[in-house]
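First chain A sits with chain B, and in the next complex the same chain sits with chain C.
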Partner chain A sequence: MATQYDIPVGAQHISLLEPLHFKFTTENEKIIKTEANVGYVHRGIEQACCSKFKFRQVSFVVGRVCGLCSISHTTCYSQVAEKLMQLDISKKAKYLRMLVIELDRIHSHLLCLSHVAENSGFEALFMKTMAYREFSMEMLEAVCGNRIQYDFSIVGGVTRDLRTDVAKMVLEKLKIFKPQLDELVDIYSNNYTLGLKNKGVGVINKDDVYTLSAVGPFARAAGIPIDVRNETEDILPWKEVGFEVVTETTGDVYARNLVRLKELYVSMRIIENVINGLPEGELAVDFKGFPTGEAINRLEAPRGELFYYAKGNKTQILERLKIKAPTFSNVAAMVHGFSGNEYASAPAIIGSYDPCLSCTSR
Partner chain B sequence: MKSFFDAIGNLFKKPVTTQFPVQPTYLPDDYRGLIVFEESLCIWCRKCEMACPPGAIVFSQDIETGKQEYHYSPYVCIYCKECVRACPAPGALLQSAEPGHPGLKEQNVNNGWNQLFDESLESRAAYTAEKKRKQAEEKVAADKAKAEAVAKAAETAKQNPGPSDE
Partner chain C sequence: MTRIETSFETLKNDVAAFYKVDKHHFITMNGVDLGNDEIEYQWFFCDYDYPCAETMFVTKANADVLVPSIGEVVASAWVAEAELADLMGVDIENADKGFMLEVDSDEAPLRKKKK
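== the complex of A and B ==
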């Protein structure tokens, strides 16, 4: 038996975006065992939501759980609170929520793709992807009034209307972005050196994904068509605006890249359909009273299924709020995916998982 | 190979980046910025203070006159516009497109604001207590005056008995 070495990566490491600790046990540069610690950014947000903040203010607090999927958290909480209050929001608010969620998905997926390129040693592609990502940030700024913290959904609706000139600008920018995305797809799928680092690396097959209950682009890359947008039609009308599931079969880093890139086409189509078919209606519903009972809600964040549970007790402050982020579901499959790979490809695999630790440990 | 030729071609293209301080970056005209307060239109209902998620608005109260004063911390504010939506007086609170400024250490933005917040709440509690005390005093005085008046009336009735008694 060859000598085994333990190599720690993180919690502070050059290839990690967020504090995440891996301990790799390697043998001749092959990873044979991995341990993960994901709890470095615990901030006690759930407790704060149940003690310090009123239930209407909580949608602004949960937006601060994660910078990348801020709108997913805010919308998911707003929906669960609307279920507690038994509110029926207007179709326009639903459409505007879908618009911002999809704009957010574009910027989040491009960020992940750029980091896969960087961690695979392709810095020029990293810069190119980041440069193309900038349009989505500007569009979010124009639609929501801020680049990162959108604060767009509130309990009962949305905060801002979509101005006609902004809508026109979004459509124009999407037209510019489409050839850029085609170019990115070409590079990510055909570049030889990137293929060496990505094809057949970090493979998780369909059975493993199923038994380890992974979600999001991670599961879709292995061939499981799991997507909340495909399952829940009553909360947000996804199929009406042209949603369809994207899957790949191989389950490696390359397949994850392609799933994310193809989802961008779907997102662009949804944004175009939302803007062209935006119905009339009020932005937010006025309501009185306090939340009672229990409710759950699911939403497809850029990284997978986001789950919220809330319990009210007829007061301003919620009794319990539980957040389960997509990365939390993926941790088991993440750890499994390293086995049998070279240690040198570990950064690219971590990048392709797109882990969001702020969401996971709240 | 295509990437190689692309890379060579990029040498002769214009840079993608913008020259930031010289060329301004994109800023939408309805950017979510600082909150502006118009004192003459305010009806002093304190709904904005109750709605504000981070607690960036607080009202203090003068113990003598009962006049309220509006305090706002642009460093604590998250520019979410909840106060503007909660405000029943149109125009009293508005959101400007001016971005917030970074707080400096000398300005003591965190501790200073926390202190001001606590002091404001204390001033309001003190005003309420003072008001209650004054009301109680007035009530005691009024009761005393009433009792005195009743006693005086009884005395006068005693001294000058009515004609019906005779």
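== the complex of A and C ==
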């Protein structure tokens, strides 16, 4: 038997963007066992939401759970609170929520892709992807007022309308981005040396996804068409604005790249359809009363299924708020996905997992 | 959402009878502190199919009772169980403490403070 070595990676490491610790047990450069520790940044946000903040303020608090997907958190919370309050929001507010969610997905997916490129040793591709991503940040700033942590969704609707000049600018920028995305798809799909780094690496197959309850692009890259946008038409009308599930089959880093890239085309189509078909209506409904009973809500964040559970007690303060982030669901599959791979491939695999520990630890 | 009442004695059998690995995915486990050292435990599942159906197994127990693990049936459950063991300060079968909280963190931050 070859000598086994334990190699710690993280909580702070050059290939990790997040405070996450892996302990790899390796044998002849191959990873044979992985242990994970995710508990470095627990901030007590759930407890704060149930003790220090009124339920109307909580949508602003959960927006701070994560800088990357704050619109997912604020919208998912707003939806679960609207269920507790039995509120029916306007179609316009639903459309505007979908607009920002998809703009957010574009910037998040491009961030992930850029880091896969960087962790695979492709610095120039990292910079190119990040440069192309900039348009989505500018669009988010124009629509929401902030580049990140946009307090856009609130209980009952949204905070800002879409100005005509901003809508026109978004559509023009999408036209510029389309050939840039085509170029990225070509590079990530066909570059020979990037393929050597990404194909057949970090494989999570269909059975693994089922067994380990993985979600998001992680699961879709293995061929499982799990996407909350496909399942919650009653909450946000995704299919009305052109949503389609994207899947690949090989379940490796390469497939995860392709799923994210192809989802950008879907996001662009949704954004165009939302802007061109934006209905008239109020931004937010006025309501009185306090939340009561319990409710759950799911929403497809860039990394997969986001889940909120809320329990009200007829006061301003919630009895319990539970947040389950997509990365949390993927921890078991992440640990499994390293086995059998070369240690040198670990950074690219981690990048393709797109882990978000501020969401996971909360 | 379908709510299924269960108990610690029947939990594993109830979940095993319900859970089909290619039909449902495990969302998470949750705990709600009801006060007086009583905790409501919840296990959430969702269909893969559209329209989706969400199912919650639920039971109540005293906080000092060992919570059975569903890890034999749902392979990914260990993550949610380890988290709840830390945040609620309860003992869950096969769940190590320290997964979600650092050693110098407050213990059981999601439990109601006794007045």
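In this text, the second predicted complex is superposed on the first by the 362 of 362 C-alpha atoms of A that agree within 3 Å, B and C clash if a C-alpha of one lies under 4 Å from a C-alpha of the other, contacts with A are read in each partner's own complex, and residues count from 1 in each chain.
Just so it is clear, a residue touches a chain if its C-beta (ideal position, glycine included) is under 8 Å from a C-beta of that chain, and two chains touch if they have at least 3 such contacts.
Predicted model only: the values in this text are computed from it and were never measured.
Novice: Should chain B and chain C be called a clash or a fit once both complexes are overlaid on chain A?
Specialist: With chain A as the common anchor, chain B and chain C both fit in the superposed model.
Novice: If you tally the residues of chain A touched by each partner, is the higher count for chain B or for chain C?
Specialist: C
Novice: So, A:138: does it touch chain B (first), chain C (second), both, or neither?
Specialist: The answer is first: A:138 touches chain B but not chain C.
Novice: With the two complexes superposed on chain A, say which partner A:146 touches: chain B (first), chain C (second), both, or neither.
Specialist: first
Novice: Put down the vertex angle at chain A formed with chain B and chain C, C-alpha centres only, nearest 10°.
Specialist: Between the chain B and chain C centres, as viewed from chain A, the angle is 90 degrees.
Novice: Between chain B (first) and chain C (second), which, if any, makes contact with A:56: first, second, both or neither?
Specialist: Only chain B is touched by A:56; chain C is not.
Novice: A:187 in the overlay: touching chain B, chain C, both, or neither? Say first, second, both or neither.
Specialist: In the superposition, A:187 contacts chain B only.
Novice: Who does A:124 touch here: chain B (first), chain C (second), both, or neither?
Specialist: Only chain B; A:124 stays clear of chain C.
Novice: Would you give the minimum C-alpha distance from chain B to chain C, in Å, for the three-chain superposition?
Specialist: Shortest inter-chain C-alpha distance (chain B to chain C): 21 Å.
Novice: Would you mind listing the overlap between the chain B footprint and the chain C footprint on chain A?
Specialist: Dual-contact residues (chain A): none.
Novice: Which positions of chain A touch chain C when the two form their complex?
Specialist: For chain A paired with chain C, touching residues are 37-40, 42, 44, 46-47, 210-215, 224, 226, 230-233, 296, 298, 305, 307, 309, 311, 319-320, 322, 324, 328-329, 331-333, 361.
Novice: Write out the stretch or stretches of chain B touching chain A in their complex.
Specialist: 2-3, 7, 16-17, 26-28, 30-32, 51, 53, 78-82, 85
Novice: Mind listing the chain C positions that touch chain A in their complex?
Specialist: Residue positions touching the partner: 1, 21-22, 25-28, 30, 32-33, 42, 44, 46, 48, 50-52, 54, 56, 74-76, 78-80, 83, 86-87, 98-102, 105-106, 109-110.
Novice: Contact residues on chain A for chain B in the complex?
Specialist: Per the touch definition, chain A meets chain B at residues 53, 56-57, 60-61, 124, 131, 138, 141-142, 144-146, 149, 151, 154, 159, 163, 166, 187, 190-191.
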